[in-house]
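Labels A, B, C and D are assigned to the chains in the order they are written; within every chain, residues are numbered from 1.
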Amino acid sequence: MTGLAEARAAIIAAGQRLDHLGWVPATAGNISVRLGDGSIAITRSGGHKGFLSDDGVIRVGLDGVPLREGDRPSAETGLHCGIYRRFAAAGAVLHGHSVPVTVLSRRLAGSIRLEGYELLKAFPGLATHQAAVALPVFENDQDIARLQDAVETRWAEEATIPPGYLLRGHGIYVWGADMPQALMRLEAVEFMLRCELEARRLS
Amino acid sequence: MTGLAEARAAIIAAGQRLDHLGWVPATAGNISVRLGDGSIAITRSGGHKGFLSDDGVIRVGLDGVPLREGDRPSAETGLHCGIYRRFAAAGAVLHGHSVPVTVLSRRLAGSIRLEGYELLKAFPGLATHQAAVALPVFENDQDIARLQDAVETRWAEEATIPPGYLLRGHGIYVWGADMPQALMRLEAVEFMLRCELEARRLS
Amino acid sequence: MTGLAEARAAIIAAGQRLDHLGWVPATAGNISVRLGDGSIAITRSGGHKGFLSDDGVIRVGLDGVPLREGDRPSAETGLHCGIYRRFAAAGAVLHGHSVPVTVLSRRLAGSIRLEGYELLKAFPGLATHQAAVALPVFENDQDIARLQDAVETRWAEEATIPPGYLLRGHGIYVWGADMPQALMRLEAVEFMLRCELEARRLS
Amino acid sequence: MTGLAEARAAIIAAGQRLDHLGWVPATAGNISVRLGDGSIAITRSGGHKGFLSDDGVIRVGLDGVPLREGDRPSAETGLHCGIYRRFAAAGAVLHGHSVPVTVLSRRLAGSIRLEGYELLKAFPGLATHQAAVALPVFENDQDIARLQDAVETRWAEEATIPPGYLLRGHGIYVWGADMPQALMRLEAVEFMLRCELEARRLS
């Protein structure tokens, strides 16, 4: 059972790791963890995610409503909660902005296909590098409720839902059973996307 | 009200952050903060901005003249003061040199247009990613007074003035209400410019 | 004679160095050292190699079988042991995943040829930059025993065997007499491969 | 007057800085300082320059001969001493290997021309960005005495000698009046060479 103190520490450390990797520029990105009581600990709106303090993390219900009046959670709280509602096994969600995600999502529509990479083994159900994963790419939208509808519509269409998706010109969402797994999956996807970007440059 | 000690600490920390990000190579770059008494704390001429000490930060008036005789402020003090005179809300100014800024400014004349990026929300008055920002690009000039005239002429022409501009083959100026906002805006712009540079390489 | 405690410390430090260099993303990579008693200390399966603790390193025999029942060594233990069996002088083996290795191995079949680099002097028997080294590239394979067979077949064919090879879309194996030499050789190869990748992009 | 202890500390710190910047991979690179007594403190042969200890720095005469019998100075000591003999004002010499230096030197013969960069002001005698600097590129050579002859021949031909040169496929030499100036000049040149490399990739 994850308590608030433990979740805060995990979120603060994750923010430092993501900043070290260059994936939370400016005040971009957001990070959350599902608590044992079913609520969600999530980064507050604004603020640099590489330099979080305890009060930079607040609690919301599965509906996204802050448990303490006056708290302003991340603008994209609805996307985090949508993941926790749909996937009972999801325990942590990471949202970052990297250059490969931003550049590739602006060029590709519908999905980004990754195949032939050893690191695909980071995805559930894929024990070899010979499978392929198609990460959905959604149009960016400031109306988060509408964006979450689009995400859920796509999820309903897919037989297998990979634990991540991209928002065009914006960033990537990745989740896992806990923070270490979410971080591991994000690192794996970001690595493969950097390879994709590099490969598209070669003469 | 920002006092000198607080401003020095903020400038030293900002220099370390900019060096960590690779944006103050050699002795390039300069950093300033507006103090409560209306004077400006600014980095001294020369010296590596990633390794500032207290005596690496001096005070000048809004006219750029050092308040202590013999102090040599940054060569580009006139550009900082020009920003503080024109924008009453400006509390901190950052000047850095990055590879994307240098390479893109050498290829593009007049301005660099950024659109479709979520991080455009870092700019005042833009609540969505669907707007565009055109950052002015000025020809470099060792005559700082003449360069500031060119900057003010452009500002007089624009209905909306973005909180930043580029100097060809030189670097970028970004400002904000305080140091955290200035750093946040610089990180956002640098991120988008890296994306622009990467996108221009793809086959 | 290398004891277990010394080997663990070397492996943990190497993992931190490789993570600093970005070569062990997610849970990728593995690291081993030959002990004085002939057994092999190797990273446990799973786990991020940049954040190893003492219990992240276990012992196996030269046949790859864990010396303590229940321990799960790295999935690729067979490749490490194959190197130690073939090369009596090998004292440390490093396996990492870098973007240049991944991208270049996906484009080139058979081998990657490096010549004209001063850093080729890192390879045994090459005292000048005027020689060339051809690093084998093998098809990736989840059947490690079969993959090791392919590696040994190639070794049997070559007059000179360079102390490394690539796995397509996967990563690189490099070895040396001890951890410092293995790290030095890996840094040298990764540097040259980055140069190769950059050179292939130029117009 | 620089003493040995001070020189060692400067060299160790410079090595850490160069490693942080990725410019001393494997055991590449070497660093030296001219001491008050006219001798030269220089890094020992072999060893990673990012992790120097006091005994990694030894003393040689201006002729390159170790002052303590048995010491093995850097293989390229002759190039350092050639700089100190030719330029009485040279107090520190840095030699590093970066990807831009290696890739560009393999493509360009004779010299690399840098112009229009603000950072050209790091070079002596250039107070504006409107000048140009041509950094010589020499063919690599394991015979250091012969290589130094080629360097001195070129120096004799030039009216103005920039404080640096490149060795094809190998690395760069930069010097200054002291370690801070040498580091500043190296950072400036490496920045401009990265810009050159990036510019050559754009469509």
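Just so it is clear, a contact is a pair of C-beta atoms (placed from the backbone, for glycine too) under 8 Å apart; a residue touches a chain by one contact, two chains touch by 3 or more.
Computed from a prediction, not measured in an experiment: that's the story for all the values here.
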For chain C, the least number of touch steps when starting out from chain B: 2
Turn needed to bring chain B onto chain D - CA fit, degrees, nearest 5: 90
Of all other chains, the one whose Cα centre sits farthest from chain A: D
Same or different residue numbers at the chain C/chain D copy interface, by half rule: different
Distance between the centres, which are taken as Cα means, of chain B and chain A, whole angstrom: 32
Between chain A and chain D, centroid-to-centroid distance (C-alpha), Å: 45
Residues within chain D bordering two or more other chains: 201-203
Contacting chain pairs - touch in the sense defined above: A-B, A-C, B-D, C-D
Chain D residues touching chain C - in the complex, by the definition given at the top: 25-28, 48, 97, 99-100, 102-103, 106-107, 140, 142, 167-171, 197, 200-203
Of all residues in chain D, those that touch chain B in their complex: 116-119, 122, 127-129, 180, 183-185, 187-188, 190-191, 194-195, 198-199, 201-203
